[in-house]
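Which chain is which? They are A, B, C and D, in the order written, and residues in each are numbered from 1.
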Amino acid sequence: MMDEPQRETALKFGSYAFLLAVVTLIVVPLYWMIVAATIPQSELFSSSIPFLPGTQFLTNFEALQNRLNFVRTIWNSTLIAVVYTLLSMLLCSMAGFAFAKYEFKYKEPLFYFVLATLVLPIQALVVPLFLLVSTLDLLNTYLAVILPWAANPLGIFLMRQNMQSLPDALLESARMDGATELQIFYKIALPTMIPSLAALAVILFINQWRLFLYPLVVLQEEAMFTIPIALSQLVGAQRVAFEQIMVGTTLAIVPIALLFIFLQRYFIKGILAGSVKQ
Amino acid sequence: MATSIRSELQSSESYQELSDRLRFLRQNVSSVVPKIPGLPYLYISPFYLLFSVFLLFPTLYTIYLSVFSYEGPAGSEYIVSIQAWIFELTIPKISNLEFVGLAHYESLIFSDSVFHLSLFNTGFIFLIQVPLMVILALAVAIVLDSKFIRAKGLWRTLIALPVATGMVAYSTVFLLLFEGDVGMINQVLMSVGLDAVPWLTDRWMARITLVIAITWRWMGYNMIILLAGLQTIPQQLYEAAEIDGATMWQKFRFVTVPQLRPVLLFVIVSSTIGTFKLFAEPFVITGGGPANATLTVVQYIYRQAFVQLNLGYASAVTVCLVVIVSAISIVQVRRGGAAQ
Amino acid sequence: MADSITYWAWNVAARAMDDAASDLPDDVGVPSYEAENEGATITVEELGDNVHEQRFQTAVTSGTGAPDLTALQNYDMLTYASQDSLTDVTDRIDEAGIREDIVAGKWRAVQYGGQDFGLPWDLGPTGMYYKRDQYADAGIDPDAIETWDDFIEEGQKLPDDAAMINLPQSDELPQFWRMLFRQLGGQPITEDGAVNIHSEESVRVAQLIADLQDSGITRTVGMWSSSWFTAFAEGTIATLPSAAWMDGTLRAELPDTAGNWGVYKLPAFEEGGNRASNRGGSNVAIPAQIEDEGKVSRAWDYALYVMTTPEIQNYMLEEYGLFPSLSTAYNADLYEESQDFYDGQAIYSLFAEVAENIEPYRYNEIQTEINNAISTELDNLLNGDKSPEQAMQDAAETVADREDRDLA
Amino acid sequence: MAQIELTKLRKEFSTEDEYIVAVEDMDLQIEDGEFLVFVGPSGCGKTTTLRCIAGLETATDGQITFDDVDVTDQRARDRDVAMVFQNYALYPHLSVEDNIGFPLRISTKLSTEEIDERVIETAELLGIEELLKQKPKELSGGQQQRVALGRAIIRDPEVFLMDEPLSNLDAKLRSDMRTELQELQQQLDVTTVYVTHDQTEAMAMGDRIAIMDDGMLQQVGTADDVYRQPTNEFVAGFIGSPNINLFTAEVEGETLRGPAGFTYSLDDPSMVEGRERVRVGIRPEDLYVASDGSVPSEINVVEHMGNENFLYAEMGDVELTVRSGSQIRPEENSTVIFGFDEEDLYLFDATTKESIKTKTGETALEHEQFEQAQQ
C-alpha cells in the first residue's frame, strides 16, 4: 500500500481534481450567461456564440434600465430580502432554541405541523394569501412580501437541528451565574450558534430573493417589482428581450455574491471548542 | 483597525458610565419581569403568531376549497367579517362554490391518470436527484473543509452562485445547452463522433435533463449548509480519532457523519420537500416535457388553478401532495432523528 | 361615464392600445382617444406573458383587484366566459351595430351560450413565411407549392443541414394541429358539446404530421427559444408556418433578415382545397367584478373607438403586426402596399384574402384539456407507438372521460 | 455564609414508561462554613441533591432553606449560589477575563472598574492572571478548571456547590487541586457542598461526609465516625480502602461458625442472642497472622505496595483482603491462619444489615490514616 506522504499527496491531488471538475461544470453556464449579457441580440442568435465577453454590457444595461428602472428593482429586491432575513432569523432562532432546549406541552405536534406546511407549494397559497393581504390592505407594500414567510418552517427546522449541539451545561452555568432566560438566549446561545445563523441567513435570503409567483400578484406597481418579476416582464408573447434578461440576471447575481463574501467570516471553525470537556 | 477604535472608545469615561447605566437599566427591567411560567411559549409565540395568520389560514382555506368546485367569482358577499377595535378583517366569499364532497379526491385517487403520471414523474426525479445532490454536496463540503484547500471563500461562492440565477435566464441557458441537435452538448457529442442525445424530446432523457438542471442549481446551496454543520464539529474528536489510527474513511464514518447527522437530516428533508414542490425548472425548460413526461404535481396544480381555473380541484391536488410529502418527511425525521 | 380606467395586456397588445389611447402619430388621420374625449385618462399596464396570466387569474378568482379592461387571447376567452367572470356586452354590440363590420368567423371567439363577452380585436390569418434565398438556392418555387404533398416534395431539394419546416416539441404541437384542423373546417366539439377531435379531419392532420416527420424535411427546436431565432437568422429552417402577427416579431427580432422573407398561403390538403386558417388572435373584455357602471361604459367606449376605427386598426397592423378582424379596414390602400421587409410583396392583401376564407371554429372552455390530450397522443404517434386513427381516438376518449362529456 | 437545611427533600423523575425516585425524604443540616461531601456509587442521587440545592432542579417535595429562608421554589439566580460543573462549562466565545467577570456583569450593580478589579484579584488568587486575554480552547484542563473556580469565587456567594470538579484531571494534578481547594475553602470560609464518587477524596476533604445509596441518605458524620461507627453494612463496605471483608456466620450459643472452618467465640455473646446468623465484618488492616487465629485461609496473591503488603486470600468461597507490614510475605497457595481482636470486629444484622457491634479499638495503620485526613 502507499506509505503516508504518498497517500497525502494523492489525496490532495484527487480533491483538487474533483473540486476543479465540479467548479467548471457549475461555472460554464454562469460564464455563458455573462458573455450573453455583453453581446448584442443579433450576435446572440448565431450558432457560434463568442467565447470572450463582448463590449455591449453597458448598452444592454441602458436598454434594460429605460425599459424598466432596473436599479430600483435591485434596490427593492435587496431591501426586502435583508429586512426579511433579519426578521425571520430572529423568529426562527428563538423558536428553534425553544424546541431544542426546552420541554413543553404539545411540543411534538406543534413542530410537525409547521413542518407539514413546509410542503405547501406557493402556487396553492397564492389565491388565499392574495385575499388575506388585500383585506389587510397591505397590497403593493414591502410588508406584503416580507410577512408571509417570516415564520419560515425551514428556518425553525434548521435552528432546532443546530441548537441541539449546544451543551446544556453552558445554559445551566449561565443560569447559576444569574442570567435570565432571555439573557441566556442572546448572550450565550446566539453567539455560539454563529455558523448556523450564517447558514440560516443564506437560506432565508435566497428563498426571498427568488420568490416569483407570490410577489408578482401582490406587488402591482412597476416601481415595487423585485428582480424575478422585472425579468419575467421581458418575456412577451411575441417579444423575448434575451440580452436584457441576461444583463438583469448577471446583475442579480452580484448581491448574492456579496452576501456569500460577507458571511464568509462567520463560518468559524469549531466555535464550540473549549466549552465542554469531552 | 476597527478593534483599536473600539478599545479607545471603551476606555473613555463617558462610554463607561453609559454602558453601566444601560446594564443596570436592563437588570431592573429583567428583575421586574415576573417569572414566566410558560417561558418556552414566549420564545415560540412570535413565530406562531405570524405563522397562524399567514400560513395556517391559507392552509385551512385550501382544505376548505378542496371540497368545493369553483363556479366563478362571487359578488360582494363575505365569508367572515370581523370588526375588532381598529382592526377590521373581512374575507370576501371567494366565489360561488358548489359542494362536491370528496368527488375531487375520488377522481384524483382513482381516475385522474394525468395526476398519477405527475406523481410518478415527481417521485422518479426525487429518487435520483436528492441522493445524487446530497452526496455531491457533502463531498464538496468535505473537500472545502479540509485544511490543504486554499482560496476556500472563492470556491464556496462560485459553487453556490447558481441558486441566485433567475428562472428565465437559467432556462434560456439550459435550453441552449440541451436543445435538440442545435444544443451545445449535442454539438460536442457529435463532433466527437457520438450521436446526439434527444435531451428534451425523449421522455426519459427529459427527466434526466431536469435532474441535471436541479442538481446544478441547488447543490451549492446545500453544500453551504453542510459546510456550516461541519464547522461545529469539535476538533478534539478528529484528534482523538487520529490518535486511534483511524483512516480518512473511518474518520468520515465514525466522526463526521454521526456529528453531522442533524444538519444532514435537515438537508435531506428540505431537498426532498423542495423536489416535491418542483415547479420552475419543468415549467420553463421542458414545459411539462414530451407528453407530460416531466409534468410535476405542482405544475399540474398550476395548470388546474391558473389555466383551467378549477380552483377546487387544484386545492384537492394540493392536499394530496401535502399528505404524501409530510408523511415522507416525518418518516425521515423520525428515522434520522431517532438514530441520534 | 367615469374619467379614468385601467387596462392590462402583454407587451404588443399593451403598446398598441397605449398609442391608440394617447399618442397616435398624426399621419394616422384620426385623433387618439384621450384627444377625442376630454378628461379621459387610460392607464395602460404592460405585463409579461405569464405575468398577465397569473395576475389576471388571481384577481378574477379572488374577486378583487382586476382592471377595468383587459386583453385576452382567443384560447382564454371561453374559459373565463364559461365561469361568468366577464361582462356580457351583447346589447352594447347590437346597439353599436358593428356585427357585420367584423369577419364572421371571429365572433365565435367571444361568444359563450349565445352571448357576447368581449370585443374581437386581432385575427391570425395564416401564411407560410419562407426565406427567399434558401428557396432560390435550392430551386424551390413557392408558387408551385399547392398542396402539402408538393410541400414535402419541394422540401427534399433543400441541402441536408437545412430543414424545410420546424416540427415543434410535443407541448407546442397542439397549436400546429389546431391550425391544420381549422384549415379542414374541423370542429373540436359538436353543436351539443360532444367531443369531436377524433373526426376524419383530425386523423388527416395527424397523418400529415407523421408524413412530415417521416419525410426527413423537419427539425425540432423549441419555439421562441434563442436557438429557434438562430435557426431563422442563419437559415437552418427555411419555412415558418404562422399568422399575420408573426410579421411584427420578425421585424423586431430579426432585423438583419429584412428583404429575405416571403409569404405564401397554407398548402391545401388536396388539389383546390382550402388554403386558409387562423392561428392566435386576441380580444378585449371587461371583467364581471367591475360593477361601477361609469367605469364599464368608459372602458366600452374606449374599446369600441379603438376596435372599430379602420385607421387605428391599420396603424396597429403596420406598427405591431396585429391583423384586424375589422373587415371594413381591408379596403385601405395599405393592403396593396409592397412591404420591403418582404422584398416588395404586399403581404397584407394576401392575409386579407385569407381572413375572408377562415372557417368558423367552435371555441370552447375545454381547450386546455384538448391541448394536453393532443400533445400526448401526437407524441405517441411520432414515436411510432400509435397510428393516426388510434392516437386521435384515444385523445378524444381522454378528453371525454376527464370532462365527462360524451363522444361524438 | 449560610446554614443549609434539607427537610424531607424528595425528587422524582417520570419519563413515559418508568418512574424513578432520585432522592427520597432526605433530612440534612449543613453548618455555616462547613465543607460537606456527598459521596456514593453512581446513580445514588448525590448530583440530583446538589442540583436541587442549586435550583437547577425543582424539588418534587420537601423544603430547602438557606439561614431559615425557604429557597425551595426560588430560581437558581435568586439563591446567591455558585457552582463548578464537572466539565467546567466555560463560555467558548468569551475570554477568560469575560468568563470570570460574567456573573458580576450579569446580575450585580458593580461598575465596570470594580468588576475588572475583582476579576484580577480572583485571577491572582488562583494564579491564572496571565491567562486573562486567552479563550477557553487555548487552556489546559487544569487551567480551565481554575477559570471555572474563579467564576464561582468572584461572586463571593453564600454557598459553593461543586459537582466532581476534579474527575477530569490526571492523578497528580488532582491531589494538588484537592489540597488547594481545601485551603481556599478555609480561607473564604464559605459553606461548600462537594459531590464525588471517590471515597478517599471524600474522607480527605470533607469536614463531614454524607453517604448516599439508591436515593437515600445512609449516614452523615465525620470521616472517623463513618469509618469506625458505620450505621449499616453498606457504609462499612463503601468507606475504607481496600474494602472491608464481609461474610455470613451461623450463631451457636456464643460461637460464630463461618465458611471453611471459621470459628470464633465471643467474649460478650449478649449481642448475638436470639439471632440464628449474623453478618461479620473485619477490616483488612485489623487482621494479623496468628497460629491460634480463627480465620483459616489460602493465599492467592501478594501485592507489595512498598511500605505495606496486600494479601489476597480465600476462606472457602469468601475472598479476604489483609493489609500487613511489608515484612510479611507468605508463599502463594500456602494456607495461613489470621487472627483479630474482638474490639475490631463489626457485626451486622443478617436481614436488616443494621450494625450491631462496631469497631472500638484502634490500630497503628488506622491511626495513620486518621492523621492524614486531618492535615
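Operating definition for what follows: a residue touches a chain if its C-beta (ideal position, glycine included) is under 8 Å from a C-beta of that chain, and two chains touch if they have at least 3 such contacts.
Nothing here was measured: the structure is a model prediction, and the numbers come from that model.
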item: Path length in the contact graph (subunit B to subunit D, fewest steps); value: 1
item: Per-chain CA centroid nearest to the all-protein CA mean; value: B
item: Greatest separation from subunit B - chain, by CA centre; value: D
item: Most contacted chain pair (by C-beta pair count); value: A-B
item: Centre-to-centre distance between subunit C and subunit A (centres being mean Cα positions), rounded to whole Å; value: 41
item: Subunit A and subunit D: spacing of chain centres that average the CA atoms, whole Å; value: 56
item: Whole-Å separation of chain centres (CA-atom averages), subunit C against subunit D; value: 94
item: Subunit A-subunit B separation of Cα centroids, rounded to whole Å; value: 11
item: Shared-contact residues (touching 2 or more other chains) in subunit A; value: 47, 126-127, 131, 180, 183, 232, 234-235, 242, 270-273
item: Residues of subunit D engaged with two or more neighbouring chains; value: 75, 107
item: Of all residues in subunit C, the ones touching two or more other chains; value: 54, 61-62, 64, 226-227, 230, 236
item: Touch relationships between chains, expressed as pairs; value: A-B, A-C, A-D, B-C, B-D
item: Residues of subunit D that touch subunit A when the two form their complex; value: 54-56, 75-77, 81-83, 85, 87-93, 102-103, 106-107, 135-139, 141, 144, 151, 155, 168
item: Residue ranges of subunit B in contact with subunit A within the complex; value: 30, 33, 36, 38-41, 43-44, 46-51, 53-59, 61-62, 65, 89-92, 94, 136, 139-140, 143-144, 146, 148-149, 153, 155-170, 172-174, 176-177, 182, 216, 219-221, 224-225, 227-229, 231-237, 240, 248, 259, 262-263, 265-266, 269-270, 273, 276-277, 279-280, 298, 301-302, 305-306, 311, 314-315, 318, 321-322, 325-326, 329-330, 333
item: Subunit A to subunit B touching residues, read off their complex; value: 11-12, 15-16, 18-19, 22-23, 25-27, 29-30, 32-33, 36, 47, 49, 90-92, 94-95, 97-99, 102-104, 107, 110, 112, 114-129, 131-132, 135-136, 147-151, 153-154, 156-158, 161-162, 164-165, 180-183, 185, 195-196, 198-199, 202-203, 206, 209-210, 212, 227-228, 231-232, 234-235, 242, 245-246, 248-249, 252-253, 255-257, 260-261, 264, 267-273, 278
item: Residues of subunit B defined as touching subunit C within the complex; value: 70-74, 92-95, 111-114, 172, 175-176, 179-183, 200-201, 286-292, 303, 305-309, 311
item: Complex contact set, residues of subunit D against subunit B; value: 75, 105, 107, 109, 111-113
